[in-house]
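Chain IDs A, B, C, D, E and F follow the sequence of writing; residue 1 opens each chain.
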Amino acid sequence: MSATVKLDFIKVTKPRPLVAHVQLARFWKEYVAVFDNMRAWYGDVRAVVLSSSLPKVFCAGIDFEDLLDLKNSPSSDPARTAVALRRHVLSFQAAISSPERCPVPVIAAIHGVAYGLAVDIIAGCDIRYAASDTTFSIKEVDVGLAPDIGTLARLRHISSNASLGAELAYTARTFSAEEAFRLGVVSRVVEGGMDEVVRESLALAEEVARKSPIAVTGTKHLLMHARDHSVGENLEYTATWNAAMLQTEDILKAVRAARSKGREEVSFE
Amino acid sequence: MSATVKLDFIKVTKPRPLVAHVQLARFWKEYVAVFDNMRAWYGDVRAVVLSSSLPKVFCAGIDFEDLLDLKNSPSSDPARTAVALRRHVLSFQAAISSPERCPVPVIAAIHGVAYGLAVDIIAGCDIRYAASDTTFSIKEVDVGLAPDIGTLARLRHISSNASLGAELAYTARTFSAEEAFRLGVVSRVVEGGMDEVVRESLALAEEVARKSPIAVTGTKHLLMHARDHSVGENLEYTATWNAAMLQTEDILKAVRAARSKGREEVSFE
Amino acid sequence: MSATVKLDFIKVTKPRPLVAHVQLARFWKEYVAVFDNMRAWYGDVRAVVLSSSLPKVFCAGIDFEDLLDLKNSPSSDPARTAVALRRHVLSFQAAISSPERCPVPVIAAIHGVAYGLAVDIIAGCDIRYAASDTTFSIKEVDVGLAPDIGTLARLRHISSNASLGAELAYTARTFSAEEAFRLGVVSRVVEGGMDEVVRESLALAEEVARKSPIAVTGTKHLLMHARDHSVGENLEYTATWNAAMLQTEDILKAVRAARSKGREEVSFE
Amino acid sequence: MSATVKLDFIKVTKPRPLVAHVQLARFWKEYVAVFDNMRAWYGDVRAVVLSSSLPKVFCAGIDFEDLLDLKNSPSSDPARTAVALRRHVLSFQAAISSPERCPVPVIAAIHGVAYGLAVDIIAGCDIRYAASDTTFSIKEVDVGLAPDIGTLARLRHISSNASLGAELAYTARTFSAEEAFRLGVVSRVVEGGMDEVVRESLALAEEVARKSPIAVTGTKHLLMHARDHSVGENLEYTATWNAAMLQTEDILKAVRAARSKGREEVSFE
Amino acid sequence: MSATVKLDFIKVTKPRPLVAHVQLARFWKEYVAVFDNMRAWYGDVRAVVLSSSLPKVFCAGIDFEDLLDLKNSPSSDPARTAVALRRHVLSFQAAISSPERCPVPVIAAIHGVAYGLAVDIIAGCDIRYAASDTTFSIKEVDVGLAPDIGTLARLRHISSNASLGAELAYTARTFSAEEAFRLGVVSRVVEGGMDEVVRESLALAEEVARKSPIAVTGTKHLLMHARDHSVGENLEYTATWNAAMLQTEDILKAVRAARSKGREEVSFE
Amino acid sequence: MSATVKLDFIKVTKPRPLVAHVQLARFWKEYVAVFDNMRAWYGDVRAVVLSSSLPKVFCAGIDFEDLLDLKNSPSSDPARTAVALRRHVLSFQAAISSPERCPVPVIAAIHGVAYGLAVDIIAGCDIRYAASDTTFSIKEVDVGLAPDIGTLARLRHISSNASLGAELAYTARTFSAEEAFRLGVVSRVVEGGMDEVVRESLALAEEVARKSPIAVTGTKHLLMHARDHSVGENLEYTATWNAAMLQTEDILKAVRAARSKGREEVSFE
């Protein structure tokens, strides 16, 4: 039951039925491909856990060499350089946003060092659990740039204190899992490190994976839409979405299961 | 001073001057009518408290029979069925959003079981107080659907931890009044049950009811507008709104009262 | 190193390199000018602290006389009066929003009485620190009007409990620094009063001022943009912004400094 | 086959299968009810023609008495008067917009005098045919107000020369059917008067009525959506809409008919 | 009755009551000041005509020296140069958009050479009349840049053929007054040159100036708002705007004048 | 100088320097790839002409078999079918929108039969030329569906008479090149058929290809942005875009060429 696909610096397994576990080592070009092909490559996946495979580091931020490569412009014309850099940033953003395009929930299981790029990555996931040993930092200003591949775009959506969020982005100071929880960035602090937070994340993923996939994917799709639209716009969109989705047979199955109060097992295909 | 109007499953009284108390029993078609006709039917109302009248249950969610009725489509054509379902969802949404259209603040006094539809309902109110005996659940995924009549549309506005909000929507797990408070869903946890939370809600309603109605209705209108627009858009709209509202005589009255530091009573018509 | 410019009721000093300290006494027409000309008038400023200079009062709200002046309309025609009032509100809003237009972070150091207009002012700043002796109130409904120059427009962005925010706006009740922190309005409560909160704010400002100004101004600009746009819109805008900004020499300097792990000092021009 | 329902100043008949003909006499409170209940009251309607029943006048504009009634304010307080006027304008707008909410295309058959309110009315229809005897005027500035119930909101969508549109709105000068056609306001000028334009409009309505109602209602719904959204927003919405609508049996029927090249008759239920 | 104010390269006269005539010679820094202070500096102005004062040239485009000045960057750092250039473009845009902020209609009377900057200028006016001797060109691509101060932003609003508009912007080819009229850019072609088009524009301005200023300014304000918002947004905004404006005494005056059918003169203050 | 790449049903040549000619035969899966890889696959391309290679047919619409395939759903559950159909529509839309993502202008050279899908295709191009032998039809309602892959989304942007556009979409009636020109859909009618329209389109493409590529790509990018945003939004975005682009060396070259009045040749790399 545990298929494993190894790409260069990324490993995907299915440790539980319907759940995929994506593990990163260093940074990795295959990230976008893994998420954009989740169902095609890994079969019937209903929830995903994203973690690191390095015991002390979730992600330490962008590599300095990669950053300095940006300075090796293909052109001496600042306009042509800008066109190339813009394309580069857009494609990097598209990779980091790929968990949002994935039709099932993605849970980030965070631990250890989570600096710079790490915050961009987890901001693009649906749910964030942090081990108590996690140290966060919105590191980008310390290397002379604004966090441009997801952190600033999503910060107001994944935190609850705009003043504190701004302070963290302007100073790059570190903050703990506990402070991240109070700030609304993570929904749970798991005592321990990588192993503990992965275990709890997989348990959550398994719980989600047992629900109706039509209900879960609709919930994700409509939460994303609601984030970026007014209430009125979202309500109309939701009605159009559910015009098809309410025709699902899953409702009959789910109601029957709910009425049985746990005596009957239900499984959704 | 206490007019009572009884509709099928809904009771509206005016237990205090200028305050209406709407009590639900089971689900109820008259909800939208009560809120859309608040001033026409119940006279000079300045604030509303919405509660249940069942000692143990605020609202246990949509009735299974109603849900299964959705499957009895008027047509075998999925497109025609979709047209009908879309209309149904839109009209259900319009009912649940009616407290927002009501020109005065609506305070939800929540207690006991508050599952599924209950969360849609309270998300459409201005203020939420919960009794300490409340148990919440965003129940919809457990019956095979995405919460489509208000919860997902408003969740980001009435909670402060996107990760936790998503987790609650994907798992349908229950959460307490205390957790709801930490999550920013309710602004106060009242020790006790239905009676206690209603009493505190009525006290709050009475306080609001004594303020200038021009100031209060403007505050509600502009808060709603701000929720769905950018800061710049809202500021321009606000200037246009207040171009008329600053001409009110209430300002003179209110300033006189404020200067008297409580010695002079002021009342607004 | 400490330049001082005194305007009528406002004083600007540079108590530390690259940091400006703006102090208010009473309300003051020069506010907008100070912020819109920050760099032109005060030289190389990288961060600003805004405080009061009155020991017990940050700002006690709009003057009653100013408010009553609104009633002395230049015309007996309500439409012509509305045109004039609308212009007045827009220009007042533009003043209160000027810290947002200022290209460097503005830290509000709040203490004592912070009523009505005070909340509009701090809502327009990037970061908010409060002394533990602060008492807040969204006072406007008590003088018969809706808070129309910034508080309602920004409330959902600078607080984390919509129900509590609405309650505070409808009732005008006071709340402490501690409650403001729990509500997400301020990012830190500093034990003490004016002196203590100003000292901590200046320390924070100095820390920010040492970072790359291209990185800091970009972070501010993109945070503002993200607040008012969808994630997708902001990501595209960010790519266009950074197409030029990633060409900065500051990245080389900053990377060198980061690699030196504190042994090498870096300074940005 | 020709059911007739007479309301006060409005007459609805079904002169052809699936086509309703709405005729106005004077202005009329029932307008919104007729369109909002088109299918419930008049059965299987697939297209609507809206015309006047007065030989020389389509609509001569708002009645002066109705306009002056606006001045009989229920309150001497300008703010309370504004609240009441705002509600009045919103409800008038909602009536004039009711053809847009009607799920089938509405064709305005215009002739004779078409002043002020007439332009608001036809701007809310899907298709506009004008008799060659029509005289148009955006009359409102001549009675001291801006056209606030639909003309200004839709002018940019139903005309192709912003400069000319502005000129017509600022001067209230009359313009002919021919100029309206060149301006893009009407799609056809029918030689003659009321009878001729109604005849051609009914012929067009009948043609539309024979098409698949799922295709036609979808086209209307998506055209409305496209008018008010960006291309990207509309494409995503369209995909969600058609996820259900492409499941219709009408496609099979329509393809069969199309392949028969007119030899086979097809009819849609 | 003909006040004249001469600024460096701009002349403002009042050749008719309530009408201001702004004449340009070369390009001119005072443009924004003239429009932003129209009422304060020139008294009761109800409509404005903007023309050139050079017999053969409306505006021949940006000066090459000004353009090359852009290359004399204050900094060798491309990021700092970008910050400065961005500020420069924003302030140039704000000048060109000043006729839109002016509360009364501005009529562009165009003749002769109208290249590059000329199109940005006229796109920011409410109404465009062109002499038959006018030659237009969206000239910018010929000097290596995209038209960034108004032409591209407004092109879709002031033309009716997106394909032709794009063609003109990509090729910089010239087009005549007649083609501009067919394209919907101008609302009238006046036979002749500068004198003829100014005469007709002044006649139009005088006609507009006799209407109720509340009605005219509202019409302009709402047309601008409608251009940038959806129909639904604009209708709600309009209702809020007119809540105050319908209280004007001008309606009584205007209705009386309308009823007199021209026998009674009406004048608005 | 004339590279040719043949894909299954699509042929790309470079008949002139810097110009690519894309020719379609039947419908073709490679469309999206050709446009998304234009520069990578075909080298330095500055403008593209898109035409058919069939002498009588530009595109006759979607194949009936492809359409009926939609009915062979992978699932009997209408919700799962909807999820699959939605994905299908989105990917079809993304293909048809690929000319918009291509960084250089795409000119549609249209002739003969241009039905259904043909209109979706040309609506996604920047410029449209039609041979005088062209017959257009928005054919979709005749096969039971709403045109969902681009026509409805872009119709208001590429036509100037909303009433006529709606009529054409509701009736599927054919219209000529001449009517398409009057409707603003095409910018030029070329006497003749495929050969003539292709020749004129290539000449236009060559003219565009000689301009500064920074100016042309910026013009396209900003026109697209302006189409989907308000004037204010677009102006700010434009300033940010041009902050980098105004640093180009092309301006110096272009100004020198412009000053030489054609005596000096300029070429841009």
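Heads up, the rule we're going with is that a residue touches a chain if its C-beta (ideal position, glycine included) is under 8 Å from a C-beta of that chain, and two chains touch if they have at least 3 such contacts.
Since the structure is predicted, the reported quantities are computational estimates derived from the model, not experimental observations.
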- Smallest number of contact steps required from chain C to reach chain E: 1
- Query: Between chain B and chain E, two copies of one chain sequence, what rotation angle (nearest 5 degrees) aligns their Cα atoms?
  - Reply: 180
- Message: With centres defined as the mean C-alpha position, give me the chain A-chain C separation in Å.
- Response: 32
- Distance from the CA centroid of chain A to that of chain F, rounded to the nearest Å? 36
- Task: Could you tell me the distance, in whole angstrom, between the mean C-alpha positions of chain B and chain F?
- Result: 49
- Message: Can you list every residue of chain F that touches 2 or more other chains, as numbers and ranges?
- Response: 78, 81-83, 157, 160, 184, 214, 227, 240-241, 243-248, 250
- Going by the contact rule at the top, pick out the chain D residues touching chain A in the complex. 237, 240-241, 243-244, 247
- Inside the complex, what are the residues of chain C that reach chain E? 77-80, 82-83, 103, 214, 217, 244-250
- Message: Looking at the complex, which residues from chain A come into contact with chain B?
- Response: 105, 126-128, 157-158, 160, 184-188, 204, 207-208, 211-212, 214-216, 218-223, 226-227, 230-232, 234-236, 238-248, 250-255, 258-259
- Message: Residue numbers of chain A touching chain C in their complex, please.
- Response: 64, 67-68, 70-71, 73, 78, 81-83, 85-86, 89-90, 93, 97, 140-150, 152-157, 160-167, 169-172, 184, 227-229
